[in-house]
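Next come two complexes, and both contain chain A; in the first it sits with chain B, in the second with chain C.
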Partner chain A sequence: MTATALSRRAQDWLPAALVFAFGLVAWQWLLPDVVHVQRFLLPRFSAVMSTFWIERSSLFAAGWFTFKEALGGFVLGCSTAFIGALVLARWKPLGRAVLPYAIAANAIPIIAFAPITNAWFGLLSPWSKIVISAVLCFFPVLVNTLRGLTSVRPESLELMRSYAASEAQIFRRVRIPTSLPFVFTALKVACVLSMIGAVVGDYFGGSTTALGVQIQSSVALSRYETAWAAILVASILGIALYGSVALAERLVVGWHPSTREHRE
Partner chain B sequence: MSDSVVSISGLSKTFAKADITALDDISLEIGQREFVSLIGPSGCGKSTLLRAVGDIVEPTAGSVEVNGKPARRARLDGDYGIVFQAPVLYDWRTVAKNIALPLEMLGWDRARRVARVKEMVELVDLAGFEDHHPWQLSGGMQQRVSIARAFSFSPALLLMDEPFGALDEMTRERLNLELLRLWLETESTVIFVTHSISEAVFLSTRVVVMSARPGRVSAIVPIDLPQPRMAATREEARFFELVTEVREALHAGGADLA
Partner chain C sequence: MSTIAATIAGRAKAAAATRSALSRGGVLALVLAALWGLWEGYRWLWIATGWGWPFAVDDITMPHLHAIVAQLFEPSRTGGPLLISVLFHSAVFTAKEAVVGFAVGASVGFLLGVAISQFRVLQRGLMPYVVASQTIPILAIAPMVVVGLGNMQVAGWTPAPWLRVAVIAAYLTFFPVTVNTIRGLQSADPRALELMHSYAAGRWAVLWKLRVPSAMPYLFSAFKVSATASVVGAIIGEAPSSIPDGLGGAIINFNQYYALAPESLWATNLVAAALGITFFLVALGVERVAVRRAPEHLA
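Entry: the complex of A and B
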């Protein structure tokens, strides 16, 4: 029983593991030796890993510095967006007035504002990165949460009405739970955006301990292995943040019918 | 009539935007512990009538009184339980919590809620499924949860809009019997919308036949089958006579429609 279950799991993972192994082989030998990709385009995997190991403490210090900025932006942007969505859903005329602009703002490349927030808050202040990350997170969370809050079936509302429910009770018991799957979809998008915001914000200037600044200066000094190792750190932190959000989703929206396909 | 639970007089409803007169001058008295079915062609205003009684739609003219109070007051007092055609259950709540929802809204304390939920779960034969989520249940079981929820707080009046419309014949007949048992045990009054003549006759103390465009009451057929009704009731000669009577009333009402 368990043995077959284990081998089934192994079979599920096998294709992904093979792709991973092939990627490493390609990176280490195929690209440099067969395709003759130059070191400044992509250094060998082993070279990146050894640099990563040698410079690990400064890399992780930089990663942690930037991660805190990203996390700050994520929390700030997502919480204000959630509260904003509640307000817009509660006062519908206001929502109708604001929503088109929110949708439009969702479509513009907000990252283009990164030099502006640097100018507003100062290059070295963490707030310049926190704010650009927060603004990046804000619109997708606002639009999705609002959609979730307003996608309640009319019968659900009629039922609550028949219990003489107040607006606050309808929000607490129906609208907010209905919106949660939408919210988590947006949070997963937002956590990726928050890392992008913090790192790209650094590219336009920031503290020398920041990850984005280190990537940029390493490239400028032709220390490509260090740049790639720093990108690896950014990826690890981004995946960790995404994984935490996905885990929170499983815990909070575990009731959702979409979890049923995982049961046998 | 002082002993009527529902008193509808001169009720009309026009949907201005669509320019549809859904209900035209409906008057109806429903007494304590009656089981009244509304039957009529699709679009004749059965759901609208039910919604007007439940103060979900605002009538254009006329009035609805429930327990001697205007419909709005009765709604605010929690006098209704509603069951829709599709079970309106909340996915994030378990069966037990779905049934407890109106009790929470009425401010019952935990111990009382738990005791009542246990009672209701047994009444609708769902013991063992308390901790399941709605999407883990079959359609018939889901509808039983909605029915348990509607009965849970012993409302004076039950409004049911084709609650068994989406179910297969066998499940439907079983739930018919369960519903009658609940009705007899809880001393409630029921208004029940259905498309099925035999279901209307089997369940009701009176069948109200409606005609379409505009929606009017075209006939009222009292059902004198003895209580309690059982599966065998469906095989009695009197049952067939009443089915025929309702069918003819339905056709007479719809004849001028063509």
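Entry: the complex of A and C
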């Protein structure tokens, strides 16, 4: 990398870095001292950080407990949705009939069903959060995968048919590769939803070792610094999951223009 | 002659519309029947065989669907109003939070999107954070915001509970709208841009006459996501601080009596689902009226 390229890159990132610095300054001094934002609304940055550092082991233990639930829900929900989309794409009339309902199901506040999964699997069982996360992930992945599988160019299908390719071969060689960019878009949405399912599901009750329960009880006990530190942990884990999916996307569909676009 | 032809064409059109509405209604009935069959069949099979995996099925975990619907028309407490009327009032309360939140969030999101797209410095400075905010579970801060704003006093004024919840709804609405506004404003056809430049059109003319109209499909797909998100935000915002007047409060309340009357919680969740779908359908309807030229963005 030449010096000009380096300085151009620095110029690209300078505004973002400045905003970051300004954000920290505002959080630490401007909001509490000038605007008089009280600590129950947003505690000082340094207070959140020191709480984060002091309670890091218990916070990350809770985070890891919740992250496993989110990951379980993500894997369960996305894989069922992918298989469901394959089935629906294979039998087109069925897919056409079901698609509007899957889209409508996307509009249901599914997370509000968390008390019901609690009742099904038991309040303390991780399965209650895994299943609500899975259901949250299911519909976006189903809808997007189905769109991807059916948005194949007709010429490609004709070409495959002219080679006397079987339906299974068409799926393997044309439909699934074409659908992958759609699938990854949905997976990125789903990984955020899975974290939301695991954390917010706790707000309707859950094990005290879980992150969401700790957030809620910290707020109830006016330990706002702990609550924000727990949000920080949830965000770190959320970004880690999102980053892994984005990385997998680059490795798997690096050839596709939509991923190359992100790289600029 | 032409009027007769027009009448005939109109009639044929109306007949076709009726037929498609009928077939849609048929599919809807079929899907509902299939869901009902799946639910009752699953229930029957698990109870008959006594399977305990993934969870034990009984009247508590999976009430009869007809019992859930019947519960809506039972009094919510002895001598009280019917459950459906109680839930209707809760739904109106939650809808108010969601609508106010949506309106504020969508306007702020749109204006911020316009500002970001117009100034490169803003784009470089803010865009990474707008994108990063999509990767974290924002909904999780609901308890802090609702409880925190409840402790706030500005000249002796504390925001009403519904207003605090509306803040959550606004917050969830805002991000998708910002992201899609920026994407939409940048999606203007380059040839049209060149044409505008060749007419020496000013920055504002290009923005309002070309960029904003071409952003409409993007904007509306964000509105559809946000309409749902605002309902989720309103329900979840009520839950952790137990604001009793809305659906979130009703869910918390009936959750405590789940072992006694599971149908009530299920019925509440049915109403919540209906509210979410209503918001989505309204956004879809407005889109169909406003964006006629973009069939690929309809579904």
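What to note about this one:
FYI, the second predicted complex is superposed on the first by the 257 of 264 C-alpha atoms of A that agree within 3 Å, B and C clash if a C-alpha of one lies under 4 Å from a C-alpha of the other, contacts with A are read in each partner's own complex, and residues count from 1 in each chain.
Here, a contact is a pair of C-beta atoms (placed from the backbone, for glycine too) under 8 Å apart; a residue touches a chain by one contact, two chains touch by 3 or more.
Since this is a predicted model, take the numbers as computed values, not measurements.
Of the two partner chains placed by superposition, only chain B is touched by A:174; chain C is not.
Touch criterion met: A:112 reaches chain C, while chain B stays clear of it.
Of the two partner chains placed by the overlay, only chain C lies in contact with A:12; chain B stays clear of it.
In the superposed pair of complexes, A:104 makes contact with chain C only, with no contact to chain B. Touch counts on chain A: comparing chain C and chain B, the chain ahead is C. By the touch criterion defined above, A:54 reaches neither chain B nor chain C.
Touch criterion not met for A:94: it reaches neither chain B nor chain C.
The intersection of chain A residues touching chain B with those touching chain C, taken from the two complexes, is empty.
The part of chain B that touches chain A in the complex is made up of residues 51, 54, 56, 75-78, 80-82, 84, 86, 88, 90-93, 101-102, 105-106, 133, 135-136. Residues 153, 155-156, 158-159, 161-165, 169, 173-174, 177, 180, 253, 255-257, 260 of chain A are the ones touching chain B in the complex. Against chain C, in their complex, chain A makes its touches with residues 12-16, 18-19, 38, 40-42, 97-101, 103-104, 106-109, 111-113, 115-116, 118-121, 127, 131, 188, 191-192, 195-196, 199-200, 203-205, 212, 215-216, 219-220, 224, 227-228, 231, 234-235, 238-239, 242-243. Contacts from chain C toward chain A in the complex involve residues 27, 30-31, 54-55, 60-61, 121-122, 124-129, 132, 134-137, 139-144, 147-149, 151-152, 227-228, 231-232, 235-236, 239-240, 247-248, 251-252, 255, 258, 262, 265-266, 269, 272-273, 275-277, 279-281, 299.
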